[in-house]
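Consider the two complexes below, in which subunit A is the common component and subunit B and subunit C are the respective partners.
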Partner chain A sequence: MSWILRVPAVVSKELLIEWRERSRVSSLLFYSFALLLMVAFAMPDVRMLGDIAGGALWLGLLLASTRSLDQSFRVELENDSLEGMVLWPVDPLAIFYGKALANAFVLILVASVITPLLGVLYHPSWHGQPWALAAVIVLGCAGIAGPGTLVASLTAQARGSSALLPVLLFPLVVPVVMASARTTILLFQGDPMGQVDNWLVLLLIFNVVHWSLDGLLFARVVEEAG
Partner chain B sequence: MISLPHLASLPVTPGQLTGLLAILTIVLMNISRGRVWYHLPSWEHAFGLVGLSLLVDGQYLGLVDAPREAMMGETGRIMYVHVPSAWLTMVVFLFTCIFAVAFLLTGKRVFDLLVESTTEVGIVLSILLQATGMLFAKPTWGVYWDWDPRLVSTTVMMLSFMGVLSLRAALDDADRRATWTSVGAILATTSMGVTYMSVRWWRSIHQMQSSPDTVAKPMVLILRINAFAFLFLSVWLIARRWRIADAQARMDEAPPLPPEVTV
Partner chain C sequence: MTVVPANAGLSVRGLARRFGPRWVLQRVSLEVPAGGALMLVGPNGSGKTTLLRCLATALKPHDGVATFEGRDLWTERLEMRDSIALLSHATALYDDLSARENMVVWARMGGMTADVDALLARVGLPDTGPRPARAFSAGMRRRLALARALLKSPRLVLFDEPFTALDPVGRDMLGSVLRDIRATGATLVLSTHHPEIAGAYCDTAARLEDGKIVWRGVPADAPVVMGET
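This part shows the complex of A and B:
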């Protein structure tokens, strides 16, 4: 289990790269913001925006995640740094969990910036508890980042990877997007049937399944990645 | 309305006729190519022959012999294509997952090629499933598509496996392609379970799984015949696809030509 000790090092390395290339995170923010605007323009009636706010938020985050996940392994391909890390040796599990945690962190960061913007732009009503929204954002972003990191590791070295990533990732994260969007909409519009807890449990199960399985699969992926 | 005689009253069933025609074709081809007349190029053709005959008879039974469905009338007969394709889609994708795990554990090339073949056959079956499902849904539910757990999770499953095939097509290195396809296939299978569970929390208009207890006796037998027809044909298709993949793999790893001798 000594690989766990290496995870913080990998996380800090990932976040250092993000920090040094701050333009990447900021372009991610502008991308999601522009997307929120575009959804508003595509609607027949702006009064509908309050109803679809939750869905627009998660659609924006999902599309933003494909851009950041794609980058997360692209940077490793220069100078063969992934192979370097494996040979150091860093346990593949540490690499996976480090990268996945860093990706989740970036997504949560984006979510925490655009959620208040969403409140200003879309005027959703609010009937939930703040902790529930925070839980949805954390679990939803983790649910996208976990399988997303594994899928990005598969597609980064394939031809046409930026198109391939969504093709593989979107069907995988259908439950996350569905559960997160449903919960967010319920938090905005009120939850008379008490469904929020069920959806949160589903998000939790999805995260447990993927965060435990994907690490093991990733170990096999990097064996061939060199 | 033309009324056709029941299968049992026919001197020769259409399935037997089809089988005989297929055997005759094989014999004629053997003779024209100068082989012994009973030569069978590979074992899977036996499955193809049996499957084809069963399918023709099974469909005849479904269209003619089977009783009118109590609620859906003649429309209900599409069930004899829809239900077997649903069963076989599940079975074939289950085998995709088993072969993927087997490849990751053993690293034998045959499992990788079987992952490819079963994925492709599974996608064909699931397209058939979706198409017949839509034709079934329009007269019974009034729409071609509904956001129903069964429909959504089947579509998501099909898309996941299509993604696996795209990934496979985009990788050049054989070892890497093999491992990563298996990883993708396992991911696709597991996600299916979670998706199914998540969409169950929506309302559903699709019926629950049928069992022999809930289906009328004469229908059960016809469903079983068709299911075995689909099974045999799937085995045939998977084996044929596997042979193509095997030939391709052997071609890819053929040794390079000897250097040209310059005088």
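This part shows the complex of A and C:
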């Protein structure tokens, strides 16, 4: 289990590179915000905006994640750094969990900025607890970042990776996007049946399964690349 | 229990590797005693880089076996990689980070405690400050990649055309580094198009052509074989 000790080093490396290239995170924020704006403008009746706020938030985060995940591996391929890490050797599990945690952090950061903007643009009502919204954002972003990191590692070396990534990722994360959107809508509109906890448990199970399996599959992907 | 000879260095027997239908390495066999140094020469596309990448465990051979200190390089790759340093054309640098940041992140990821400032000074990059690696010249990038390779304390050192892109001062520095590496008792394999320079740091030489070893001898004879003198 000594690979766990290397995970913080990989996370700090990922975040340092993100900090050096802050324009990447800025572009994600702009992209998500532009999407929220377009959906808002496309709605024929502004009174319906509050009803679709939860769905719009997760649609924006899902689309932004494809850009973020693709970039995360493009950096590794510029000078074959991914192979360099495998040969260093950094355990593939440490690489996966380091990158997945950093990708989740970036998505959570984007969600933390655009959620208040969503409140301004869509005027959703609010009936939930702040901790529940924080939990759905963390679990939802982690649920996209975990499988997303695996899929990005598969598509990174393919021609047209930015087009291939969403094709493979979206079917994989349908449950997490549906659960996250549904939970967010319940928090906005009220939860008379007390379903929020069940949706959060579903998100938690999705994360446990994917973060466990994807790490093992990632090790196979990087080892078999040779 | 397998008895490993005291001088067991690098042993390659019948190593073969193909890309698609083309065999880039065709049953290559060679021996380098522990602490020895082999210079590989040959034209572009002869298989030098592929051989070094197989020895570094970056590529899985399709046939044959390579052992180091009596241990199979591929089947025991997870343990062996700690002992192997590869300096290749791919620098494995992060272009957005400075020289020092690159060294620090690689040292942290490998759990190494080497003095990164001393290593940067060793390769002639002591004062590059916050400038990102993206802004470095090819020679500076090569020096930084060398410093990164030196973060390890390897017993098997694989250098792919290490003199490429270096100026005369850089070549002298690399020569000094190669002497230091050999003084530690590490086994060295380097490929080069400059046998007249690299030969000074090697004991034996071999020439690859079309994935086969077609000549073996001493480094001093290599330029004659290549028709370069």
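The rule is simple: the second predicted complex is superposed on the first by the 224 of 226 C-alpha atoms of A that agree within 3 Å, B and C clash if a C-alpha of one lies under 4 Å from a C-alpha of the other, contacts with A are read in each partner's own complex, and residues count from 1 in each chain.
What we mean here is this: contacts are C-beta pairs under 8 Å (C-beta built on N, C-alpha and C of every residue); 3 or more make two chains touch, one makes a residue touch a chain.
Remember, it's a predicted structure, so these values are computed and weren't measured experimentally.
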item: If touched residues of subunit A are counted for subunit B and for subunit C, the larger one; value: B
item: Contacts of A:118 with subunit B and subunit C, given as first, second, both or neither; value: neither
item: First (subunit B), second (subunit C), both or neither touched by A:20; value: second
item: First (subunit B), second (subunit C), both or neither touched by A:200; value: neither
item: First (subunit B), second (subunit C), both or neither touched by A:110; value: neither
item: Touching partner for A:150 - first (subunit B), second (subunit C), both, neither; value: first
item: Touching partner for A:6 - first (subunit B), second (subunit C), both, neither; value: second
item: Touch list for subunit C against partner subunit A, complex; value: 53, 56-60, 78, 81-82, 84, 86, 88, 90-97, 101, 105-106, 108-111, 132, 152
item: Subunit C contact footprint on subunit A (complex, rising order); value: 5-6, 9-10, 12-13, 16-17, 20-21, 75, 78-81, 83-90, 94, 226
item: Residues of subunit A that touch subunit B when the two form their complex; value: 147, 150-151, 154-155, 157-161, 164, 167-168, 170-172, 174-175, 178-179, 195, 198-199, 202, 205-206, 209-210, 213-214, 217, 220-221, 223-225
item: Parts of subunit B lying in touch with subunit A, wherever the complex brings them together; value: 104, 152, 156-157, 159-160, 162-164, 166-167, 170-173, 175-176, 179-180, 182-184, 186-188, 190-191, 194-195, 197-199, 201
